[in-house]
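Several structures are given next for inspection.
In the two complexes that follow, subunit A is the common piece, with subunit B as its partner first and subunit C second.
Presenting the complex of A and B:
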């Protein structure tokens, strides 16, 4: 288990800035997801850590050692590539033993065989050891790639979108396997993905990137409920939250939010918004920020415009009297239908506020 | 009523396709005849007894086949020249692939100042006609004492063929997925180990194509060898064949027999390696 840190790391390609002054410190044994859209700097960060590209400025450490000038073969890392990068001229066995033999010529055949068999058994590859990569399915190739990384005991595992080429079901299964693997071996893992669901389910902490900048580095729960800015708020979550711009009034836990499209009563524990009374803000309203009820007097009245059923719950698109639309999660058995009246009640601690100009979070969480 | 109407265009189309296939065959055979005719005629001549060679009417398949010309060649020591050619060609192939793959890999995968200039130089070197540099090359070779030696010839063939080898391998390396090399680096290989363990094993077609270029050049070369060598013990096969022409006047038998002997190894190598021309060696390594 080893820590990893980036201090003031910058990388440019010609005039294009790929990564801007990155400070990131990963604790030993953490599973960190680098999350962002393509071109956000997450893969650049991973390649810098792997030593496949050199930083223009700043310092990269693996453990206590500064690795800026250390070649990839001497960094003691393992990596799983998006396209697996299995050696096509070698069998599964030879692919798995490759990292052992490349590092130490004198390693004994018996030891190699024992390690390969152990990894193959863990990943269910025992029957495939004498096949070539092209004779394997996508999922099997993926497991070989994982095995080749696991065969040694590297300081850090780097995974570059390892699941993006698998079909949806297999991806969810492999997600569980990777999580179980991390819990079993406890190594430091840095995992690049553009899939926020993958990042949320796997990581102990998520680093969200956009335009070459680190936007937020926090636990999945915090990233989701307390996003540092509007970009993070919009990027994370199964569906985009509703963003409404307006003015907050009131205080001490009871506030009114006035927008062009209507008025919302924010009851209950919204103390984190107290300091913002009288300010113009953008509110990030996720579907689970409200409870939809039929009893009058609970919160604000609205009309159901659309009902989307998804197994565990129903998603209602509701319109406030002024026209603003809000998405709300509801019990699928509640039987809401288009045109029904509904009362929306804001739930505590679920609403984040942002500055309309800069997009940065304004709330003071306790 | 409607069925024949539907069939007729189909039948016409099928017959047109058949005609086209026959035309293709005829053209193929014509091309093969032009290319192979002289060689087969040479083979036929080499197997005829001397009096029959210029007989009229000529016979294509010898009625009294004989190996006497081949026997004569071996009595007069042609195997010695074959060996010289083999040594020089093998050395040139090994040297140019060893040096060429290093240069090509650096050009294909590393960033360094002057790379564009090196690429340009490689291209430019390929366009210099060989005879124009013979005299200066001879002077150069003489000054380091390598004229009239197999070493000198092997080095010259390597030098002449290195640009094309670098160019071919540069192109081939560029088509390999770079992730494989990244994986090898992370798995603990140095750059040289990456080249040896991952890049070269996957470059079979590129290496074979390059090797064949060098081999055919070195094996067939006459002009360089005749200028740079003079004594019998370093004579290569093409020079020796020319010698036979001189020594035996219009004696076509030994001449065609020696020409046949010189063709056989190259054809054998081409046949042995033809499957490497088929690509697809990297299938299955990269998904997506």
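Presenting the complex of A and C:
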């Protein structure tokens, strides 16, 4: 178990800034997801940590050691690549033993065999040791890639979108396997992904990147419910939240949010919004920030425009009297249909407010 | 009724077949006229004594016997083996080095690739003439460079070993570019991630080359080897222009021997017999290479 830290790390390619003054410090044994769209700097960060590219400025540490000038093979890391990067001309066994033999030409055959067999047993590859990578399924190749990383018992695992080439179901299964693996071996893991669901389910903390900048580094729960800015709010979550711009008025337990498309009453726990009375803000309205009911007087009236049923719940697209549309989660057997009247009660502690110009979060959570 | 149905069901295939033939036929005609026919005529001539394109006497396999036992042919065979193997080895090594050096698509590399290709693109005849001037005793580079040191009379093309080296250098100079193109395509097909993985796994540069690059380059390497070997065994221009086969036939390769038998000594029958023998040898060469290909096909990227 080893810590990892970046201090003021910057990387440019010609005029293009790939990574801007990154400060990030990862505790020993953490599972950190680097999340962001392509070109956001997350893979650059991983490659810098692996030593595959060199930083222009700043300091990268693995444990106590500054590794800026250390070659990849001496950083005591292992990496799993997006396309697995299995050596196609070598069998599974030869792929697994490659890191051992590359490091130490004189390693004994018995030791190699013992280690390969141990890893193969852990990952269920024992039957496949004499196959070539192209004779394996995607999930099996994935496991060989993991095995090749595990065999050296590295201090830090680097995983670069390891699940993106698998089909949806297998991805969810492998997700669970990787999580179990982390809990079993306890190593520090840095995991690059553009899939927010993967980051949310796997990571102990998530670093969200955009345009070469770290936007927020926090636990999944915090990233989801208290995003640092509008980018994070929009990027994280199964479904994009509704963003409405308007003015907040009132205070002390009851606020009114007025927009061009209608108004919303925020009742109850609104203390994080108190200081914003009279300000123009953007509210991030997620589907679970509302209760949808049929009884009059509970919240604000709206009309159901669209009902999308998914297994566990129903998603209602509702229009406020002024025309603004909001998505709301409801019980699937509540029986809402298009055209029904609905009363929306906002749950303010699930609503975050942002500055319309800069997009940074305005609310003060305690 | 029955016949009609059969005809109707066969018609589309018929038209398709005809269209296919229409596409292939021009090439088949060209192949027949320019390859098969001359070869048949050559095989026919090889059985006769031919004086100035007139068949004067049937000799059966006599021409073949004469050719096979001739000291000149034996010497040409030796020269061809030396020339082909030396040229092949150096060309592949240089081609590989060039390909690896010029693999990245930087602006400099794109220009360098174009420059490297020049010897390959210009006429072989012009290239060999250029080299003949360069190696010439009086006007060439050696005289110019070594003259001030009193070594101005170094004569490359008059020394049997040096002349062979010059001939090999001509082949390297021209055909390394061909090897580079083939091998460059192979190099580019190897995913960069494999090298990144190998670096993280702890493989040094030499190990990455021997354990990743070379095994994954097997097919492009074989293609380059086969093409170049056949080319070197048959090539005429280098020897004809650069050394003329001299000194004392030291650089007279099989191609040149054939040329001399036919067009200088006018022993058309024997020249044809030799040509047929070289043709058979080529076929064997191709067969051996194809066999090598097939044996380890399982492990391509």
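The rule is short, and it goes like this: the second predicted complex is superposed on the first by the 365 of 366 C-alpha atoms of A that agree within 3 Å, B and C clash if a C-alpha of one lies under 4 Å from a C-alpha of the other, contacts with A are read in each partner's own complex, and residues count from 1 in each chain.
Everything below uses one rule, namely that contacts are C-beta pairs under 8 Å (C-beta built on N, C-alpha and C of every residue); 3 or more make two chains touch, one makes a residue touch a chain.
Worth saying up front: this structure is predicted, and the values here are computed from it rather than measured.
Enquirer: Report clash or fit for the pair subunit B and subunit C bound to subunit A in the combined superposed model.
Expert: Superposition result for subunit B and subunit C: clash.
Enquirer: Please indicate which partner A:103 is in contact with in the superposed arrangement: first for subunit B, second for subunit C, both, or neither.
Expert: After superposing on A, A:103 lies in contact with both subunit B and subunit C.
Enquirer: Let me test your reading of the model: by the given contact rule, A:172 touches which partner, first (subunit B), second (subunit C), both or neither?
Expert: In the superposition, A:172 touches no partner, neither subunit B nor subunit C.
Enquirer: Mind working out whether A:136 is in touch with subunit B, subunit C, both or neither, as first, second, both or neither?
Expert: first
Enquirer: Check whether A:82 is in contact with subunit B, with subunit C, with both or with neither, and answer first, second, both or neither.
Expert: Both partners.
Enquirer: Going by the contact rule set out at the top, does A:52 touch subunit B (first), subunit C (second), both, or neither?
Expert: After superposing on A, A:52 lies in contact with both subunit B and subunit C.
Enquirer: Mind working out whether A:73 is in touch with subunit B, subunit C, both or neither, as first, second, both or neither?
Expert: both
Enquirer: Tell me which partner touches more residues of subunit A in the superposed arrangement, subunit B or subunit C.
Expert: Counting residues of subunit A touched by each partner, the higher count goes to B.
Enquirer: Starting from the residues of subunit A touching subunit B, keep only those that also touch subunit C in the other complex, and list them.
Expert: Touching subunit B in the first complex and subunit C in the second, residues 50-52, 71-73, 77-79, 81-83, 85, 87-89, 98-99, 102-103, 132, 148 of subunit A appear in both lists.
Enquirer: Please output the residues of subunit C touching subunit A within their complex, sorted ascending.
Expert: 191, 193-194, 196-204, 207, 211-212, 215-216, 298-301
Enquirer: In the complex, go through subunit A and note every residue touching subunit C.
Expert: 50-52, 71-73, 77-79, 81-83, 85, 87-89, 98-99, 102-103, 132, 148
Enquirer: For the complex, give me every residue of subunit A touching subunit B.
Expert: Residues 50-52, 71-73, 75, 77-79, 81-89, 98-99, 102-103, 132-136, 138, 141, 148, 158, 164-165 of subunit A touch subunit B in their complex.
Enquirer: Quick one: in the complex, what on subunit B touches subunit A?
Expert: Listed in rising order, the residues are 177, 179-180, 182-190, 193, 197-198, 201-202, 281-288.
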